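For reference, chains read A, B, C, D, E and F in written order, and residue numbers begin at 1 within each chain.
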């Protein structure tokens, strides 16, 4: 039925324009965001039939979130509409060196946090679906959200749906110990794992080292088929180091980044996931190409405002082609 | 498959903010509009499963039009994407008495104007569809658009899909003679006809008179099942006259309007059609209720910017209920 | 120390510009509001030394609320700063007939809702203070907020500080029974009561009748010194009926309204209170003048965006003078 | 050389958007204005070859004023550019009843206030010119501005250029006595006089009465060929009274107004002058038509933001034709 | 009569603000642009008496284009006003690395494309004119536009008006073969040629090489007096290479660029032409100075939004002086 | 009573958005600024009880200035409100290389310029005050402003209030000779002097040299306790040179800068002063720490729009801590 189903929280993002501080601004720009919705939108735009599952309040803010996902072609017919819970919000204050971008979350008691077990019919949703994606944020939202996420993972495994998971540890949601206790059991179900280097150590508890070594440790511990790592906090920039790397089938792959003038980097990691999965679904043996798609689409995501992707497939492919021709001519 | 399929041209609307003149403004507000798309959006929001069929160029403006229809839940998977033709545009300058609102159309050579016969698979689309709606604008766009519209009407009749048609004569597209020559043969296929009093005389060539008499003349001439008339140029305002009237099954129905503070009246007539059809599909015998829905949703459409509807079903029903309780208490 | 101390919740108000619907807007205008803060600001601008007591979170939104009160000269040094609780929010969608203005509250779990008993040193605050004002919203926010409000009322009575109270029943906070159970005991402490005609019946449980009769019933039941009533839902408009009325010392006073072109009516009732109290503090025997000040400042409040007052004393006095000269010349 | 030359001060106008109060706003909208420039712009747009003479500082604000006049086709090659003096400014706070629109002038020490006698070569400018227009504001700006205005009037008379003059008394520039002392001698040179009813009494010292009587008094005192009066403070509105009236050749003419929804009325009087002069220059015997043009263009001026006219000749003529057909059909 | 006459198409430019994608934006910023108009505006601002000749539709968009040229002092009295044809439009999406700036042209069937031979009286226009400038875009607009351009070139030669020409090949207008067939015959009439290095090879068909060699080839083939080349796609940036170079009188001249923080580079090449011509007209022997003026004004053009120049002569001269003093002090 | 009192002129700042040129913009952003007010605001936000003394006109612009200072917690109760004089204005055009930021002052005849001797009761204000700060701008505003500044300096010395002074020479206010004649006598009263390297030579007439040598010359000439120098025109940037240096107690201290992406540098120097004084008041022996605070808060000031600081103490301290940990890890 769908190429991709994602599950998680989506929020209304309110940001101060023109590098104003939140205290200072008299208007806010509205966008929507949320790791799993970002993946669904970015994937839908480049050609995956995608559905986003969440819980939303039956009010204008809830409808706005669903509308904007639908605007990009994401199926929203499996959203759980609720009279309880609010729309999660987050306020963004864009930084300029030496002041960093600051995020003020106001997401407690959201509709997703109040979702009830069995609220989603995963059994039905997963017939004929190719990949399911969620992140470590979802179980951090509430205990019941964690329960529903676990229901989804178990059902996906049962239905032989490929499971993709982004660790995405959020310090402001829960501490490392609680996160580890909940996330480690989930990893048993994961086929494709996305994780930053710093989350490997602080959440998975694996000793720091080079990317390859850490990825291999994850493989040894969880048997994950594909492990994709990105440098902690690194943007997808040109440089000596890899912007992203992967370990799969006993081999290690690395991909360099692009020269990026950042307009808005929020959501770039989620867009990376969408690019990777798009390529991976089309050819599971070409991990290097999947990294290329992920890095290219993520670089493009930095160049316009908002969390969600406005990138088309031909733009990703053209950027990859230019990079290759540059590398050849060197 | 769908409750409602509409076919016609959608355009990008560019309007000067704050009552500025076009010559004067330094920014433009973007909305999208087009009679048939407006009907599809308004209907989708209140619960009809709707699809909008058109032709659009494969560029950002074309995609924007499809996105915005999809944002409201309208199916856009049957749009014909084209490398020929441009996105139609229209510029709006809002007026304030004694200066009227002015529209500058820039729609020539649009993708829809260049649509080719057989571009749409009406046969497939009309299986399982309840109502098809188009307007007199579509055949005015180009000869091939007229051909495709006629294909649709004929196929709808063949498939016993209810046909809804809004005369919507546009002087700037074609003159009365050409319009009459093309539109009159189309009326043979129409089950529910929407027409302003002035179009009855200038396009259909029927003598002016009271609403009821003119509607009966149409019935006598074309055998149209339901004829809905609105006072020429009238907004859906409170007053002695009916805001809208209908003639069906030999009976005449009239519905009064609301006190309206107009923010943007463009598209209000299309929203009326959506409200009427919504109610009519649920109960074909209650013409009075269909008028109520049409008038109420149309009144609400005047109260926010843009051509397309942002109105939910409960808002329409609440407004009707308030009106009824007011009328009872009088 | 202060002419006026008010206590209650202040929120960040986020409104859609230009009559857009919330679902539709891409930006929000920021203002701050809250019944008791509105009174403090309006009073400070016309010359009362005012302090606003509340609880706010130590984050940019909390600071923004305090800043904006301070901008108008309100003392904010007695605000309770908290690491718990969020800044209350409310979203406004301005209406245009027949669509009403809609408010979406998102105020649960605010810092004020989580205030603890004894968090405010009322004893110290009330030395040398002339009037204390709060509303029926505050005890509706949470049980502890109700407790702190009751502490304030009791302490004010003890210190012989005049107590002003606006019933301000909010259906979305609590039901009538709960409101009545909490508010009626509070009325024992009130010297100047502001109440709409509809709240007199639905909250105080007093039979509907004319203003004077209802006010007298309140006096008989609670012995309130001054009872100020405003027509339910009425704006401060020109007309035959009184815009506001008062019952004091066994006498009834009424004041007519103004011709008003409304830009934003939210907060107008609170500004009325400020105008009334300003005049009343300067001359407790001239109730008619207090009504004049209240009605005039409230009319002016309708004419610019935002909940809070930007009106100066000379503007109020000039408007009253013009009205008087008009009435004389008739 | 020119159909019309005007002389006076032009300023940068800074206004608060959306009915905000000046104290409240965080942005200002920029327009330019000034009675004589307004006349030149409005006249140029409807077909008079116009030149605007003033003094401006050689800085971005000065250039902006000249640019905007030139944008509408007004000749600016006779502007006196100066290193002394500033660009006059005025701040506008739009009102909404019962709060009136407020203007804060900040025009002292402008470049025009510092203009020197003989700075303008009137002799050369007035060869081949049909009408010269200035207002009572110009001599109020400074003594030297008054001197230069008088030079212009005298030279115009010498060259047999028609002289048009709008009394336009501004209380904030000078008191009635000083204004009268300066303006009355100027009236000797005036052929076409524009004056509000209230200025007739407070500046010219003529007893109040009906329009016709007051106009005749002016004629008797000054021998002015054409005297055009407008009701004091009246907008060009539909109603029983005349919106404007004229006395010429011993006859009295009156013209009714239009239904007007006002967006911005500043500059409407100046636009009236332009409309009157346009018609008068084309036919000096048809005073009624000149009033029609003045009233129609002035009504249109109310409908968009800014002091200056964005109206074309065909719009004026269409409005007049509609009015006439309405009056006939009554 | 004029120092400079330019002929070509001017369009309304609609751009998405704040690096938004076109699909994403809800407002558009309006500017006007067009290679030949840009030259006329930039030249007029620094002191050349300039006239811009084009064809425009008699509607608000056409008037807006003329207004904005006139705002900067460009003569617009020779524009051909037309009831046929539309105003050309182009949509701009500003890029940020690695996403490039994208332009969506919507210029087909413009008024200029429909211009008729003999529509412009070149004979009259060229008496007393010093230089005529057009570009390779104009003949690409339509066959009749090419005809009128050729009429102009021939008449300029006849009247001994200096002819300036910018090759400006636009792939989206026509292919190289058609461009070459039309443009090469035009070069016979050209005195001062502006051409990028890449256009020398792809349009003129001259073998790639260093600037000097390519310029000499052009001279040998066409006998062009002055050949000005700019590095393909290069902005006017500081660096080792020349930002612009010229070949004249058998000598080669090169000029280095500036450190530039780009806000909007569109139109910078046209501004370069204006700077070059300004200096060249004042001293035809000082080619190095003409390059200096061109490079300096073009660098300044990058620093504000819009295609057209807002630069004054003193700013250009100050920048050149600073550069010279920097170079001396090294 | 206050930790800090500052005295000087505050103005309304009107700036063109988005790198537009002033001539080009149609809106202006409003901020407030003025060296001494900037110091008071920045200091109040990080914890000093501050009062700002100035003269302001009793109009909306004057009130706006006081409001905005009060918004940040600055005491404004000692402002001299005046019916004479205007609010000083300045227009800002933000630059982008190679075009510099340009300021157009329009501050003549401000309320402060017209302040009268003895208008401020310094005697009362300085009881219980820790530091008084003014700058070399204040005496440049007018002779009477200079007189009042001198009254303040003398009274501060008498009351043993620490005197802080920023030379801040403004070429557009007065020439070097007049500045020197007025400022040098003031330096006798100064305890903490802030001065750029270029002002040391051009205003104080001390020979150029390295920072330390110049500072020592000042000490030798005036006996100033603490002399803080900043590199002329330098922003607070990372680099080899010191961003700021100080000479005190015979020792020289230097502090390096930060990597800064500048949004708006205006007011950064004033914010530096506030940071320095904050630290210095808490520990007069730790000059190095005072430089750290000054440099850190000044770097942060560059990162948002407006002259005034929106920085909190914890942000300054966190930035310093990060810098130290970076330096340690090197």
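Criterion: a residue touches a chain if its C-beta (ideal position, glycine included) is under 8 Å from a C-beta of that chain, and two chains touch if they have at least 3 such contacts.
Every value quoted in this text rests on a predicted model; they were computed, and no experiment measured them.
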Of C-D and A-C, the pair with more C-beta contacts is A-C
In angstrom, rounded to a whole number, how far apart do the mean CA points of chain A and chain E lie? 46
Could you please state the distance in Å, as a whole number, between where the Cα atoms of chain C are centred and where those of chain F are centred? 41
Compute the distance, rounded to whole Å, between the mean C-alpha positions of chain B and chain F. 63
Listed in rising order, chain E residues that touch 2 or more other chains are 21, 23, 26, 67
Pairwise touch list, complete, is A-B, A-C, A-E, A-F, B-C, B-D, B-E, C-D, C-F, D-E, D-F, E-F
In their complex, what parts of chain E are in touch with chain D? 67-68, 70-73
Using the touch definition from the top, list the residues of chain F that touch chain A in their complex. 17, 258-263, 299-300, 302-306, 310, 315, 319
Inside the complex, what are the residues of chain D that reach chain F? 14, 21-23, 25-30, 59-61, 63-64, 67, 86-87, 89, 91, 93, 104, 106, 108-109
Chain B-facing residues of chain C, complex: 18-21, 23-24, 95-99
